[in-house]
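What follows is a single structure, written as structure tokens, with notes after it.
Labels run A, B, C, D, E, F, G and H following the written order; every chain starts at residue 1.
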Amino acid sequence: MKKTKPTSSGPKRIAIVMGSESDLKVMNDAVGALKEFGISFHLEVVSAHRTPKKMYEFALSAVENGYQAIIAGAGGAAHLPGMIASLTTLPVIGVPISQKNLQGMDSLLSIVQMPKGVPVATVAIDNAYNAGILAVSILANSDSSVRSKLEKFKTLQIERVAEMNKKIKPTK
Amino acid sequence: MKKTKPTSSGPKRIAIVMGSESDLKVMNDAVGALKEFGISFHLEVVSAHRTPKKMYEFALSAVENGYQAIIAGAGGAAHLPGMIASLTTLPVIGVPISQKNLQGMDSLLSIVQMPKGVPVATVAIDNAYNAGILAVSILANSDSSVRSKLEKFKTLQIERVAEMNKKIKPTK
Amino acid sequence: MKKTKPTSSGPKRIAIVMGSESDLKVMNDAVGALKEFGISFHLEVVSAHRTPKKMYEFALSAVENGYQAIIAGAGGAAHLPGMIASLTTLPVIGVPISQKNLQGMDSLLSIVQMPKGVPVATVAIDNAYNAGILAVSILANSDSSVRSKLEKFKTLQIERVAEMNKKIKPTK
Amino acid sequence: MKKTKPTSSGPKRIAIVMGSESDLKVMNDAVGALKEFGISFHLEVVSAHRTPKKMYEFALSAVENGYQAIIAGAGGAAHLPGMIASLTTLPVIGVPISQKNLQGMDSLLSIVQMPKGVPVATVAIDNAYNAGILAVSILANSDSSVRSKLEKFKTLQIERVAEMNKKIKPTK
Amino acid sequence: MKKTKPTSSGPKRIAIVMGSESDLKVMNDAVGALKEFGISFHLEVVSAHRTPKKMYEFALSAVENGYQAIIAGAGGAAHLPGMIASLTTLPVIGVPISQKNLQGMDSLLSIVQMPKGVPVATVAIDNAYNAGILAVSILANSDSSVRSKLEKFKTLQIERVAEMNKKIKPTK
Amino acid sequence: MKKTKPTSSGPKRIAIVMGSESDLKVMNDAVGALKEFGISFHLEVVSAHRTPKKMYEFALSAVENGYQAIIAGAGGAAHLPGMIASLTTLPVIGVPISQKNLQGMDSLLSIVQMPKGVPVATVAIDNAYNAGILAVSILANSDSSVRSKLEKFKTLQIERVAEMNKKIKPTK
Amino acid sequence: MKKTKPTSSGPKRIAIVMGSESDLKVMNDAVGALKEFGISFHLEVVSAHRTPKKMYEFALSAVENGYQAIIAGAGGAAHLPGMIASLTTLPVIGVPISQKNLQGMDSLLSIVQMPKGVPVATVAIDNAYNAGILAVSILANSDSSVRSKLEKFKTLQIERVAEMNKKIKPTK
Amino acid sequence: MKKTKPTSSGPKRIAIVMGSESDLKVMNDAVGALKEFGISFHLEVVSAHRTPKKMYEFALSAVENGYQAIIAGAGGAAHLPGMIASLTTLPVIGVPISQKNLQGMDSLLSIVQMPKGVPVATVAIDNAYNAGILAVSILANSDSSVRSKLEKFKTLQIERVAEMNKKIKPTK
């Protein structure tokens, strides 16, 4: 799918935050997904543990900043998505990031097992691309051009499988 | 929060589906959350494994039926949320339901570990209430009255903690 | 065991499907096992999540296509084997494929923990070779030449252990 | 589905074995599945650990006894299915049985993680019913009346979901 | 050990906080431990997710309130101990509380797997008593009477084992 | 097998220790196994954590006390078997005891994952009976009457399975 | 933060022990943390399993040696922190060290799941740096200059996140 | 410790078996341990799954072959140690061997979770050295020279830690 340039005017539609610069290698895929759909976004390092005040302010002003969803990635005892969710009424999408040990199982549980009343929409470990697509599907609810692109996106996936079948052959 | 009656006219805003009648004891909490916010919903048993054709048709017609999100609960090798997500461009919210063994870890992994391009917004094991709240937060993007109710909902949670502190006392 | 050439005429006896081209490095071992026994097979990429309609049609026509078993490999939230099993009366053999995180535990649980009435015959993680041998043992029920080859196969395994014992020696 | 009486003459088509009398409460469901389809079966306690010789003889004579598949259930360090598979060329279906601790995860891994060349067709923890259905689907390959019953069985599952939908209603 | 009454004057020495009133059944044991040692304490429900602002203020004023350690208990995606640790320079002791599913493994990982620079002193699942004893051992560094009591406490444990040995006898 | 009375004279042959009186409900089965074989034993509560000095002395004098193996049961962070193993040259058999959470997985790993040079012979979770049988098999190396009893014990197990088969019948 | 030289006179304030020389690559980070804060420390290999007597003596003399906390790192069946905690009234901080298999889950459970009365303040797997910071926060209770440094340390973390945000940019 | 040459005459004292030649890289450490103590041993590849008959004969003749313990290593669904234990009255020591996925957790559970009456003395994952030492400690019961060597072995471990402390120094 050809990448569409986000229109520069107006507020960013999605915020992508992560606990550390080192999470960018995973969170880049959320950026990539949004760019594929021409969705404007804000990108920032916001650490629940090192910059709790900044996180607090970021989350409290997210609605008035015009975001329609927040994508938050974190590893280990991943508190960032859940804490943001406690401070905003926007949908928060959590990306568990794997670290050296435990393969992301710790961050998955820290993000998904939220208490009653404070959901985080959790995606697969290290799968920031899916966080982007999920954000896009939320935008599609009030933007029919995004819906159309999503439908084209599904068609493209079918074509890619068809192409795989043209070249697949066993090597044994 | 006083429950608001959903207005009867027009399409339902959220669909709640589950793999079996027995999942209703968990999925009832999604119903409860939507009712709290006066959100209309459709409720149906749709099994990925026993009624694959029905699931197929349900998912393919979901957009034109006017839903803005689908909440799908399933246990064990929980394929329902992921399969619906593969067939629609709506946001799909997955509720892992615990069964006799493995305490929902199997359904959590079956729902959350989706491949690139097909996200499921996964909530905590057996926490269908949070699936409802997440759906509400998605609706709030294009409905300011829902946003207001969500804000009031957050305020109420603060009050409930205050009430807890009035009566809490150690018993040792 | 010398590989026997499958006879070209007639329908393929086993179908091998996988969710993505990248699964072929694991699923090749199923191919290898079938070739060892001279069993004809069909090989195709069929994705539950990206090509749900194609999967649907593949599974519904599997009996009339003359397959006697279907081998399906998938990773992560591995829905392919279970969805095919929901759509056919053929025995479906599932191969959990490990990915970067969780070492295949997610795909194992997604494949094996099927609900009542829809079994998937699950083999070890990444052990597509065993999926092939299991398919062969199913064919042996109505093909005595396959039974004979399986018996020879068991004898060969004994011989291989004998050969190991000729050369094994501690290096400490 | 009305239960069909197995025809009494001729050999039993399926063998059901288990490590202990106490496993019968789970393995009964395999019996039930076979009875639903009118499939004759042999039922016996055969313990890999307490009666290794008996197990050895059972497995070695299984082909000539005319069985077309063996269903073996076991808990804990569940060696019975794998050991039988090492001694026969018949398809062996393993049922992991949960015990007081570990919820069947130990028996699942002990049954499914078989080495190259010796597959066990593993079903879900405690899901002996599915072991029965899997055996039926193997028989269907050479018995079109069994195939027809399996197709009717799938139709019945659809009807059951329809009935669920007639009575399902939220209680909140 | 006879319980010593905490002296009423002066600030409380330890703060015990928990995410919900329902956590008190576990956290009571921390209260019990502190009472055993005559240590004054403050007890409050402070929820990271429902009362993030209150938590923020509690943590930021903890040093000036004169606490010497904070005991924080939480279940599920247990963010309370870690968030408090991000906001104070006091030692924070985390108590993972088990819930219906996962037996506290989720809260253990959410509490213990903290990132570099923000430690939480984690104790065993549901073992709030040990959180109390750990707090006491921290106080002992600057209070020799507490040190003496801790030494007596260790002696008492030895005596309890001696008493056990007076009555222990096999029942088989 | 009729229980044989241990001869009263001379030292006890096996020591059974456990961390707490409450472990006796599990460790009783080790007692039972030894009594079945007429093996004399010493039974005592020795806690690694509450009576480290006592444990130290117990372990250091175990050889001269004439024991030929030590059976040690413990739960949670189960240090007792490993610490005794570090202090004696006798074979130490560890019994992981399950507690409220984690189902004994914590004690299994704490007991079995010993470092190079300090083995603990670990048996199944809560399976103190097997610890007794393992101790008996060690004694059998230098006591042919014990060997004979063990052989008879194996024969009895075969007979028990035969009896099970007399009464087993499906209830479906 | 510029490293401050520990004043050479007087006793060391913190003891850092580990089970083997090979643990130093992880435990070095505890050293680093203490050096950052100018805290004097004692460093020693003390093995619970290979040098139980030495461990015993180390722990029993720790209070009179003037330490205010003990940091103990260990892998596998990690008994060192818990055994030291059973022998001293000082706060003991445990560092689970990951080994080739199980990624530190075994040492985490062996360290954190301590029984009632004998806490170990457990930090994240391989996160010895946090053990150092936790020790520093304990010292801060009776040393206001350490408290000031900890406050500056928190400020520095905020600045580091600000710097990250100056250079972060998506690469997709 | 200088290696002592085993005396060539008479039967081997310990048997070391493994499921495949590829297990030798782990099982070599059992060889090394026995050589350190000058214990004669028999080494052989015996596969429960590929050579069940050979395993059967090996185990049944182990007592009369004069072994005093059997060390059996296996990976995955590791049936070898348990099956041998079911066929002999000798103590059987099981070594779980890790494979590409699951890090040996599958083999650990397959080996340790044995049913009542058939114990396997399980050691740590991949720790064949400890299997050797455990075998030595069993031999020591009836061979005082082995006991003496074991005591010297413990002393040597203390010396090694002392040497470590001569050179250990932090690199930060």
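As a convention for this text, a residue touches a chain if its C-beta (ideal position, glycine included) is under 8 Å from a C-beta of that chain, and two chains touch if they have at least 3 such contacts.
Every value quoted in this text rests on a predicted model; they were computed, and no experiment measured them.
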Length of the shortest touching-chain route, chain B through to chain F: 2
Listed chain pair F-H, B-C or A-C that repeats interface E-G [over half of contact pairs the same by residue number]: F-H
Centre-to-centre distance between chain D and chain B (centres being mean Cα positions), rounded to whole Å: 35
Inter-chain centre distance, chain A versus chain B - centres from mean C-alpha coordinates, in Å: 19
For chain A paired with chain F, centre-to-centre distance based on mean C-alpha positions, whole Å: 53
Shared-contact residues (touching 2 or more other chains) in chain B: 20, 50, 76-77, 102-103, 105, 112-115, 117-118, 120, 124-125, 154, 157
Which chain pairs touch, all of them: A-B, A-C, A-E, A-G, B-C, B-D, B-E, C-D, C-H, D-F, D-H, E-F, E-G, F-G, F-H, G-H
Contact footprint of chain D on chain B as seen in their complex: 20-21, 24, 28-29, 31-32, 35, 43-47, 50-51, 53-54, 76-77, 100-103
Touch list for chain C against partner chain D, complex: 63, 68-69, 89-91, 93, 108, 112-125, 127, 129-131, 133-134, 137-138, 140-142, 147, 150-151, 153-154, 157
Chain G partner contacts - residues on chain H that touch it in the complex: 98, 103-105, 124-126, 154, 157-158, 160-161, 164-165, 167-172
List of chain E residues in touch with chain A within their complex: 19-20, 48-50, 52, 56, 75-77, 79, 82-83, 85-87, 102, 105-107, 109-115, 117-118, 120
